[in-house]
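I am attaching a structure below and will ask some questions about it afterwards.
By letter and in written order, the chains are A, B, C and D; residue numbering begins at 1 in each of them.
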Amino acid sequence: MINVSIVGGTGYTGVELLRLLVGHPGVELTAVTSRGENGRPVADLFPSLRGHLDIAFSEPDVARLSESDLVFFATPHGIAQAMVPDLLKRGTKIIDLSADFRIKDIAVWEQWYGQAHGCPDVVAEAVYGLPEINRDQIAAAQLIACPGCYPTSVLLGFLPLLKEGLIVVDDLIASAASGVSGAGRGASVNNLHAEVSDNFKAYGVAGHRHLPEIEQELGGMADGQVELTFVPHLLPIIRGIHATLYGTLADGKDGVDLQALYEKCYADEPFVDVLPSESYPQTRTVRGANICRIGVSRPQQRQKVVVMSVIDNLVKGASGQAIQNMNVLFGLPETCGLIAPPLLP
Amino acid sequence: MINVSIVGGTGYTGVELLRLLVGHPGVELTAVTSRGENGRPVADLFPSLRGHLDIAFSEPDVARLSESDLVFFATPHGIAQAMVPDLLKRGTKIIDLSADFRIKDIAVWEQWYGQAHGCPDVVAEAVYGLPEINRDQIAAAQLIACPGCYPTSVLLGFLPLLKEGLIVVDDLIASAASGVSGAGRGASVNNLHAEVSDNFKAYGVAGHRHLPEIEQELGGMADGQVELTFVPHLLPIIRGIHATLYGTLADGKDGVDLQALYEKCYADEPFVDVLPSESYPQTRTVRGANICRIGVSRPQQRQKVVVMSVIDNLVKGASGQAIQNMNVLFGLPETCGLIAPPLLP
Amino acid sequence: MINVSIVGGTGYTGVELLRLLVGHPGVELTAVTSRGENGRPVADLFPSLRGHLDIAFSEPDVARLSESDLVFFATPHGIAQAMVPDLLKRGTKIIDLSADFRIKDIAVWEQWYGQAHGCPDVVAEAVYGLPEINRDQIAAAQLIACPGCYPTSVLLGFLPLLKEGLIVVDDLIASAASGVSGAGRGASVNNLHAEVSDNFKAYGVAGHRHLPEIEQELGGMADGQVELTFVPHLLPIIRGIHATLYGTLADGKDGVDLQALYEKCYADEPFVDVLPSESYPQTRTVRGANICRIGVSRPQQRQKVVVMSVIDNLVKGASGQAIQNMNVLFGLPETCGLIAPPLLP
Amino acid sequence: MINVSIVGGTGYTGVELLRLLVGHPGVELTAVTSRGENGRPVADLFPSLRGHLDIAFSEPDVARLSESDLVFFATPHGIAQAMVPDLLKRGTKIIDLSADFRIKDIAVWEQWYGQAHGCPDVVAEAVYGLPEINRDQIAAAQLIACPGCYPTSVLLGFLPLLKEGLIVVDDLIASAASGVSGAGRGASVNNLHAEVSDNFKAYGVAGHRHLPEIEQELGGMADGQVELTFVPHLLPIIRGIHATLYGTLADGKDGVDLQALYEKCYADEPFVDVLPSESYPQTRTVRGANICRIGVSRPQQRQKVVVMSVIDNLVKGASGQAIQNMNVLFGLPETCGLIAPPLLP
């Protein structure tokens, strides 16, 4: 049994981690922390967990947390930085769902997140937790930085094209849309039902924090610098990300069989599903499940490739991916605890 | 031209008043106040008004407000109380959309709203602004207390039955449901899209502030005390209230023709629409319009009468009704500025 | 392993059965039939099942079906009647999710469903599959008639009150609301997104087919005839039923502790959750799970009791309940395959 | 008074035309036709129009229709073709909301719509009814082909860039999303609430009928052939189109002030609203109104321009635009009957 604690259990990634962990056969849950809800039974805040979880929120405490084999951070950025160095010294393994350790260039992080990084020395040892590209490093890591939700969908969508050098690397576009749970559980006028429902809009067009994260990892795939135009949109749905990706075939790559390329690239991946030719993915077909579904098309047989990639932002985009990382890290079957089908309709 | 000011223009009833007033041929809008947004163009906060409204929010100031013929209060309860006495002295007419002057019994008000009333002496002169029952008093009033949204739908639904003494007065039930705009534009976890959407729940079952207001007015119709069980529910829609009302036919009233009763009672009302026999109203058929649609049924010809009443909570349940009151108060045709059809689909 | 077939796998209860059965450790799925989709891979119609289910739809055939230990019917009413007698003769066990065998009085069934019953002789041996009231008979049955979705929520809500004789039996009200998946997957203008979304309405007020079913079972609890006013409403959500029940305390029953009554009644039920005092259930807290959550209140300490009961109409209201029945019927632990927590948010 | 008839009044563009026309001061409505609903009062099918419209659906009849000054076709493609030649001969003016006369190249039309064109000779005299580019021709036309909803949003978004030759014409992308009312009011499994709600997907990626229409008109602006990648998506909202447009600045055009360009281009247009710098439009801010709101951005000051354009697909994307065309055609003020603000929230 892996002894697990969660720091920050009151948000949507927190409750989703709990939903998935209470059914995981290899995990024992020790603590769920929250300063604000300290002492309150977790199932009182999240009645969906009544009958599944008997513990109460507790104060975060490094000494106590370090007794766990693994600590998940499901906190806003800036929190994990303050506790991670101590936990690392004590030998605890860490999977951070926040943005604290995703970006390797400290200056870039500090610019986009508008604050000094709390432990820049530690960043280098963090492994970017996308198993489909970093499986071996994850298995050997002590600190895993779970990818953001948009990055997961965009990276898995572009991977086959970039790895094979098929598209122009400075002309990438990701027109992506997220359900509102991605904005978190904080009180905010912008995320009220009466503001979000029956509406659609782009946001963060001039610059979204996931841009440098995505460009860093796309650059790794392309083995060089890439240029991405990233436009996120807010969907009036609770869960789901849909990324519509546009790339331009490089000179001489006209003959590529895109469908075969994608099927081959992901043939052995348990959590990436390439749809049949000219099928397009829907967010509802991944609702609640740790899966990324991808469709690829080349309209009118022109030079532009269109890739559509969907995930549940709270599962493959956050908490499910965190557990997938945990499984890799602790040598469990990678699909352990993650095999329930999506909820449709 | 009626010279009009609005106190508290940043909420949903505020923006709805503005939407309706910019198209009203008899109104000139002088000021829209907001302490928090002072100086900001109104159409910057509400882009739907771009091109329709050129003024900025200003500080509320009694002297300046009193220069208007009419002041609307679209504020939370407790605010109007502090300014109304002064405005009354200066001769300004007032239509208050909040709960400050709806309940005649000061002790009851103070118990349900949990605070001392700011100007109890003024309450008696306020007229309850439901034109369908108080048209003449409204025309002669200086201070009008606009009904709550639930009360409007429940009162219009029960009126024909109570006025004619057809149902048992101590066994009334209102099972009602409201869209989330009724909860206002304040930041709140409970009203986030991710909490409200794809969900339905009852709330305030043990006691909702609209209960004493409804019972007061039902009592007036029945000429005696009534007893109402009132259960509000939260709908994952933006606008709309649906009240499902249950009453028990009194002894000897078995032969009543309910359909004829309702049609006759509302034959001359421009804003109450009685549907054909065994047709049931839908909230979307009143979206954006100042209309209450009502259907009545007597399932299995048993003793229980079921009345269904729908309104747009922001229009006939708030801002439209306020303008209807204004029209009555200033001798305009009652439908002036309120005739655009609902938005369907 | 229980060898299972499903007749009618293209509707929402069909795909929900499949979702739950592919994760059930004691079941082997043999056939899923559909005349219209014969030969098409099931996961092609329902991409959420890609990777979970490899079979194609097949023609329904009694001989082949009878080789299964158990046949589920997830068909519209009228279909099971034609095949059940044959299957019974061959010794196959049957769980019918349709309305064909729920109503004991054949004349009543024929009146409400507008057609002659196909095998009236068989109706008497069908057991009404609500384990909370019929567990022992279910265990011994060959033919189980799964309750309707509304009936499940209403029956579990009223059960403690009626069993103890606490409320007046001829003055029951169920004001209930269902998500649109309850209306099925057939093409229909009324169930289009543009018709249902952002809307709320009552329907079937004059008479809904679940009324005689509910009254039959309530009568069984009350040991006599009951009279229920049943008003269903359509919610703009996919899954979920919320029943708001109103009952009048019988003379002399004023002193009852309702909270204790409900907690005691359901203390040993794995799939009924009585919420803490003055907590009210939300449909989203049961999304995707086989659970009924109940809250009870007595507003203003008057004579009217309000019970709120929520289920997921596709799970505890249909397919989950069918599997719960299967578990009882085959001697498995009743919760087998049904323990995953709800999906929230 | 313009005497107006509508052919095909049972769909969403039909009811929207009716909503707008009943409030139009210069129009008298003579007939609304429907074969299927012949004889049924229009307000019986669309209860939102109760009290606003007293006529019943009638059979379409060319002779009777030709007595109107103007006939709107709100029909599926293929219908207008059969009646237009006759009406033209009789001198009636026609505004066709369908796709029948939008595409000048008959072969292209026949390829994309999969049928022979019914009156190819007439196509040349049809004017493409986008007043912002064709105002003068519209004023002089007898037959106007109203643009599709996607085309309207895409064309108005790209117009300033193409007219000034600022972007590369063979690298245009339109990633657009539409509310479900765009799919019409026909019964269809794909458009059920339980299929569309809480979901997002691309569709028609390999080829959508609006592609040739958009490319034809973009080509006109660019004075040459353009190449557009067009990916439509289905939004779980009723009304609204959001087009996110991507263009690459042409060599030497780096210094352009995009914000000034857009503001200048649309300074005199009553129905195009350019938002302030780095503001992005939301579909809800145009709900129910005949307005296109546009925001423009150049992320990271790179070579890619992002334009966001929103309309209500049923208003500026269909029925409102049709009335705008009518106003131009009959010499009325262009905003006549189209000035009500959007419905927000």
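Keep in mind that, in the parts below, a contact is a pair of C-beta atoms (placed from the backbone, for glycine too) under 8 Å apart; a residue touches a chain by one contact, two chains touch by 3 or more.
All figures in this text were calculated on a predicted structure; none of them were measured in a lab.
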| item | value |
| --- | --- |
| Reference chain A; chain at largest CA-centroid distance | B |
| Over-half contact-pair match to A-C, picked out of the listed pairs C-D, B-D or A-D | B-D |
| Distance between the centres, which are taken as Cα means, of chain C and chain B, whole angstrom | 39 |
| Intercentroid distance (Cα basis), chain B paired with chain A, Å | 45 |
| Mean-CA-position distance for chain D and chain B (Å) | 37 |
| Junction residues of chain D, two or more chains touched | 12, 181, 194-195, 197-198, 236-239, 281-282, 284, 287, 345 |
| Residue ranges of chain C in contact with chain B within the complex | 171, 173, 175, 177, 194-195, 197-203, 205-207, 211, 227, 229-231, 233, 235-240, 242, 244, 246, 248, 278, 280-284, 287, 295, 297, 299-300, 302, 304, 306, 308, 310, 345 |
| In the complex with chain B, residue positions of chain A that touch it | 12, 179-181, 183, 185-189, 191-198, 236-238 |
| List of chain D residues in touch with chain B within their complex | 12, 15, 19, 22-23, 46-52, 181, 197-198, 238-239, 273, 275, 279, 281-282, 284-289, 291, 293, 339-345 |
